[in-house]
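As written, the chains take the letters A, B, C and D, and residue 1 is the first residue of each chain.
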Amino acid sequence: MKTLDKDEIAALGIEGGWVLGLEDFVRYGDLDSNNHVNNKVYHAWFENIRVLYLQGLGVGLVLDGKAAIKPVVRSAYMEFNAQMMIGEDYVSLCHVSKLGRSSYQMDFAVWCAGTFRATGHVTMVMVNATATKSCPIPDDMREIFVTRDGAKTR
Amino acid sequence: MKTLDKDEIAALGIEGGWVLGLEDFVRYGDLDSNNHVNNKVYHAWFENIRVLYLQGLGVGLVLDGKAAIKPVVRSAYMEFNAQMMIGEDYVSLCHVSKLGRSSYQMDFAVWCAGTFRATGHVTMVMVNATATKSCPIPDDMREIFVTRDGAKTR
Amino acid sequence: MKTLDKDEIAALGIEGGWVLGLEDFVRYGDLDSNNHVNNKVYHAWFENIRVLYLQGLGVGLVLDGKAAIKPVVRSAYMEFNAQMMIGEDYVSLCHVSKLGRSSYQMDFAVWCAGTFRATGHVTMVMVNATATKSCPIPDDMREIFVTRDGAKTR
Amino acid sequence: MKTLDKDEIAALGIEGGWVLGLEDFVRYGDLDSNNHVNNKVYHAWFENIRVLYLQGLGVGLVLDGKAAIKPVVRSAYMEFNAQMMIGEDYVSLCHVSKLGRSSYQMDFAVWCAGTFRATGHVTMVMVNATATKSCPIPDDMREIFVTRDGAKTR
């Protein structure tokens, strides 16, 4: 796994305040019948880096549905700017850009050969274990979002 | 394949002007480590019904990247309202709701046990074979979008 | 979900002692860059019907990794006889063909337009909750495998 | 992409005559409801490295179904030795171990923390563009299989 932190991403000349990057490449399994990366594969890439981000927070969240409090995806948006082909190297990127009491927005991008091939964001909501009630974002998460990621309070 | 037309969808009490439905159920492979349907799976469902819709248009489009003109996804948005579990029966739904000169919006929903579990839409753009230039929506497609689907002109 | 039992499968003229069938069709998401069903998709189909089969056994197994005893896949074999294309209707099929003390073999096939497009089998082993030790097949499972499925004892 | 050649693989103490390795790690999207890597994901890993291997042969094969001659998968076998969890680093491995006139066997393995978590092989057949007839393995491919990979003639 070749992850990149804020400084390493900036050193590559990638703008946008990203705090976590993952270097990767397009595999055969990412392609569809048009011989380019399928649209839903970008969602998979963004999901994978979102989980890496969560694991890196170090704030006691677990990912197997048994946590007292956990983030769930409320909505997702994505723009597809240019197609990607087998073998292309890319960096998937993320950071938290906005936050409210119980929800936050995480922005994503795929950087490849000097341009953003796809960008997007999800709105995450902190919920209880049964996902029946929203919960405030824990203070330690909130602190990281604001201080490290530069997230704006809504 | 059990598809539903406009009238069959209405007969199920599903509101929203949908013109194509597909009856299906949640399979094991749709689940993630939370034991519910993974978010990106809804994108797969919407992609599958989008292609069925295109095939049903009967307007000479092909899907293998060799057509003179074809629709590509420019952006996608989705809302996740309530989780879905293995074995649940659902209907995925779509119709074209808006159109411009070369782009149109297709709306989607997943209907399950009386509610929409997820909704979303994509903006599609008609492009030439190499996806380098946008093209006008062909008149026969436009006619179907407006007359059958009730799409609004932008 | 349109499942078929032993008699309904036989009525379609499908030979081989199958006890569970699932009617389905090839979707866009099943295709790869060759514009036909990708090889690994057959594994997904077989996994999905294997779980339906387990759920239908009614012998108290759960599928979320928390059961006292559960079946895990030890090995898998598959043969690809003829490619499948978008829109084709098929029936995926399974039955248990052999069993030992703690392991059993489940056979699979995909029936499409009068021929088996793919066939395969998996060897399943009953294990304890932590998958660290094999366990005898429970008597009620064993009874179904032998009596209904016609499985041969190894 | 961090691929490994024969010498680099041997330097890691991985036995078995592998000629191509790919360093990777388990991602969230590889997991199923048991919170471990799903069985069919190993097939995806093996497919991805098989295509990297083909691309590295430099013998004029293309992968989009339009080649005069191409390899197709005739059968696949896999053994699952021990489960894999999120975040684990692994190396997927392959080489051609046997060959006949028109078919060859490619072996695979997943090396993780000192053991093979999964092993398998596929039988590939060279076919014409429409996959209707088998064709002899081209001499340049055959030469690489025998000389570099140490494949045995059947």
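Please note the rule applied: contacts are C-beta pairs under 8 Å (C-beta built on N, C-alpha and C of every residue); 3 or more make two chains touch, one makes a residue touch a chain.
Because the structure is a prediction, the values reported are computed rather than measured.
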Shared interface partners, meaning chains that touch subunit C and subunit D: A, B
Angular offset of subunit A relative to subunit B [C-alpha, multiple of 5 degrees]: 180
Centroid-based (C-alpha) most distant chain relative to subunit D: B
Which of A-C and A-D has more C-beta pairs touching across its chains: A-D
Intercentroid distance (Cα basis), subunit B paired with subunit A, Å: 25
Euclidean distance of C-alpha centroids - subunit A vs subunit C, Å: 36
Subunit A-subunit D separation of Cα centroids, rounded to whole Å: 30
Touching two or more other chains - residues of subunit A: 28-29, 33-35, 40, 44, 47, 63-64
Subunit B residues within the subunit C interface of the complex: 1-2, 25, 27-29, 35, 44, 47-48, 50-51, 55, 63-64, 86-87, 89
Subunit C residues within the subunit A interface of the complex: 28-29, 31-35, 40
Residue numbers on subunit D that touch subunit C, as the complex places them: 33-36, 38-40, 43-44, 47, 63-65, 72-80, 83, 131
